[in-house]
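Labels run A, B, C, D, E and F following the written order; every chain starts at residue 1.
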Amino acid sequence: MSKPQPIDEAHASPEVRAVFDDIKALRNVEDVNNFWKYLARDPVGLKRTWESVKQVMSPGALSPLVKEMIYVAVSVTNNCDYCIASHTAAARKAGMTDAMFAELMGVIGMANETNRLANGYRVPIDPAFE
Amino acid sequence: MSKPQPIDEAHASPEVRAVFDDIKALRNVEDVNNFWKYLARDPVGLKRTWESVKQVMSPGALSPLVKEMIYVAVSVTNNCDYCIASHTAAARKAGMTDAMFAELMGVIGMANETNRLANGYRVPIDPAFE
Amino acid sequence: MSKPQPIDEAHASPEVRAVFDDIKALRNVEDVNNFWKYLARDPVGLKRTWESVKQVMSPGALSPLVKEMIYVAVSVTNNCDYCIASHTAAARKAGMTDAMFAELMGVIGMANETNRLANGYRVPIDPAFE
Amino acid sequence: MSKPQPIDEAHASPEVRAVFDDIKALRNVEDVNNFWKYLARDPVGLKRTWESVKQVMSPGALSPLVKEMIYVAVSVTNNCDYCIASHTAAARKAGMTDAMFAELMGVIGMANETNRLANGYRVPIDPAFE
Amino acid sequence: MSKPQPIDEAHASPEVRAVFDDIKALRNVEDVNNFWKYLARDPVGLKRTWESVKQVMSPGALSPLVKEMIYVAVSVTNNCDYCIASHTAAARKAGMTDAMFAELMGVIGMANETNRLANGYRVPIDPAFE
Amino acid sequence: MSKPQPIDEAHASPEVRAVFDDIKALRNVEDVNNFWKYLARDPVGLKRTWESVKQVMSPGALSPLVKEMIYVAVSVTNNCDYCIASHTAAARKAGMTDAMFAELMGVIGMANETNRLANGYRVPIDPAFE
């Protein structure tokens, strides 16, 4: 069978369970998202990915809300259905209002448009940006 | 000659000059970026694009800094050299610090990675996100 | 009706049937995948695509397994659901183990991340690579 | 040395030269573009690619001009500098005017924008399109 | 609830209804597509996007059919399911025949292939295109 | 100044130098690539990225050569100039022959083509792959 299958908590090895527990504790949730259950097929990759996500998404010079909106911008540009759904939800949880969402979509759309105009018109970089 | 050529102010038609003047006034700059000079080959498209960018990038529920960082996130994901250069500069001008830039890059990188993991593992969307 | 429709064997023209027969014989399967049934709407394109795929995917300096994993890497990066599903299955058939799949996903994810870091940091190519 | 190197006519094998000759005859040009000279490192791939391009780009239900503009649309969306340059030139040669180019860029930009809005708003396909 | 929801005509504000009415009148349809109903969550963005689409897609140097096929080329390259479905339907309505559709797909496929060959072989732009 | 600047060894902090030393030791090279010198602006990100790359690219169920070719496949599909150059060099170093490179490019090109054909024809996933 070629389709990847998830691993839920009841069947998780101790190392997978440790990651699941860390996710649940940090995010204060009852269960982990499907993403982590599928990644659990590769316990080493699961741990590496989670440790990296935890470090990258922690509050710093940018707020969790801003970070989640950036995540949405990338996911929308890549057309990753799962990631759009999960990170829009995370951004909402971090405080994204309807007005913020509408502006986020507006900027993403405009950037994707002007990116292609710059490509198509073969615009050279201004000396000031070098 | 197939390569698009820019139009500078000295050779701009009144309608193009009006857009250039509006850009310079709003941004308080002496000259417009190459992007606008190339787009000026299509005066109707120039005006439409500028009016849309002006509306989308104006301060609202999201700050100009956040909007510029979202623009960078899209441009980096699309690998638009011109747009990366110009919008990183704009984000700097809007207040992006070195620490913010580093975190922005971190989130963009991580999102591009996990987007593909979600694709490859064919992760179904959690019911909670539907 | 704008949605493309498949052509199955029972309704295939002789030229389409010839391609279907070649696919089935070479792959030792009872029926062709949906991909070929949809492409069959364009018999010339069907034949051209199949002849190219047959040439490209035949054993050579790279093994069929390695070729299928490269196919998966491209399909995951492009987020082509159909192609991820069909080429993951083909890679499994060619011998891809669970451990190989996990490492394949790991490399794909990491490459997508560092591709964007190289873009965002505007890293110039080292002279050694020129 | 890892960087691919071109093969020019003077050093081409008979099989490569045969492809070069066919390109020059069909396009009525004195020399082939760099693309073909680099691909010539793989004579089998060179021949396959040229035969496919020749078939796909020949006049049919769509004119060469329309086909070249579609090629530009894909190349701009993928941000392939080489392909944007060469296929814009080919479209010009096939009759693309300044006004057509401006409209082509406008449609490409708008499509890239609305593609992302459809993604971000998670718009379900209308029953009429199924 | 994080998933965006559509707004149908019965619940639309006057400004949204005005856009819906303009779409229906111009396209001579009874109802607007889902795309517009979802975008209606952002009345300002809805109006801006519609005005831009209306301007870009109106007949000009390029026919509506050619513009719709370019839209399909971008949407297929970006793998936007919604946009592929809706713009293939629009192209059909504008006169795209089965033969045109087959050729359109052929060109899109070939362009995506050669775009990557140009990348991978690191082909420099011919002086003639500069 | 908005353009990112590299950090070379002479000006590296102890934590950056430690990463540089680890890279040089593991790869048995005299100096690190530009990629790492630019990433060094973010010492935490540098360390995280290097640790992840080291883990992902180490020999396992897949050989270093296969992993580097997968890296090239992703980089070519994303059109990351820097990454194409550096990972083609790495693949060469790991044993990629001219014949392997030609086949790698052939598979990448074909996969990018058929990915789009599957999108455009809206091919549903075969039940066997679910």
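In the analysis below, a contact is a pair of C-beta atoms (placed from the backbone, for glycine too) under 8 Å apart; a residue touches a chain by one contact, two chains touch by 3 or more.
These figures come from a predicted structure and were not determined experimentally.
Counting the residue numbers that touch the partner chain, subunit B and subunit D have less than half of them in common.
The geometric centre of subunit A is 27 Å away from that of subunit C, both derived from CA atoms. Here the spacing of subunit A and subunit F, counted between their Cα centres, is 21 Å.
Each of residues 2-4, 41, 44, 48-49, 52, 55-56, 77-81, 85, 88-89, 102, 104-106, 108-110, 112-117, 119, 121-122, 129-130 in subunit C touches at least two other chains. With chains as nodes and touching pairs as edges, the resulting graph is complete, every pair of chains being joined. By the touch criterion given at the top, residues 79, 85, 88-89, 91-92, 98, 101-102, 105-106, 109 of subunit D touch subunit B in their complex. The part of subunit F that touches subunit B in the complex is made up of residues 2-4, 41-42, 44-45, 48-49, 78-80.
Every residue of subunit A that touches subunit F in the complex is listed here, in rising order: 2-3, 44, 48, 52, 55-56, 129-130.
Partner subunit E is touched in their complex by these residues of subunit F: 72, 76-77, 79, 81, 84-85, 88, 104-105, 108-110, 112-117, 119-122.
Against subunit B, the residues of subunit A that register as touching in their complex are 3-4, 6, 33-35, 38-39, 41, 49, 52-53, 55-57, 60-62, 66-67, 69-71, 73-75, 77-78, 80-83, 85-89, 97, 99-100, 102-104, 106-126, 128-130.
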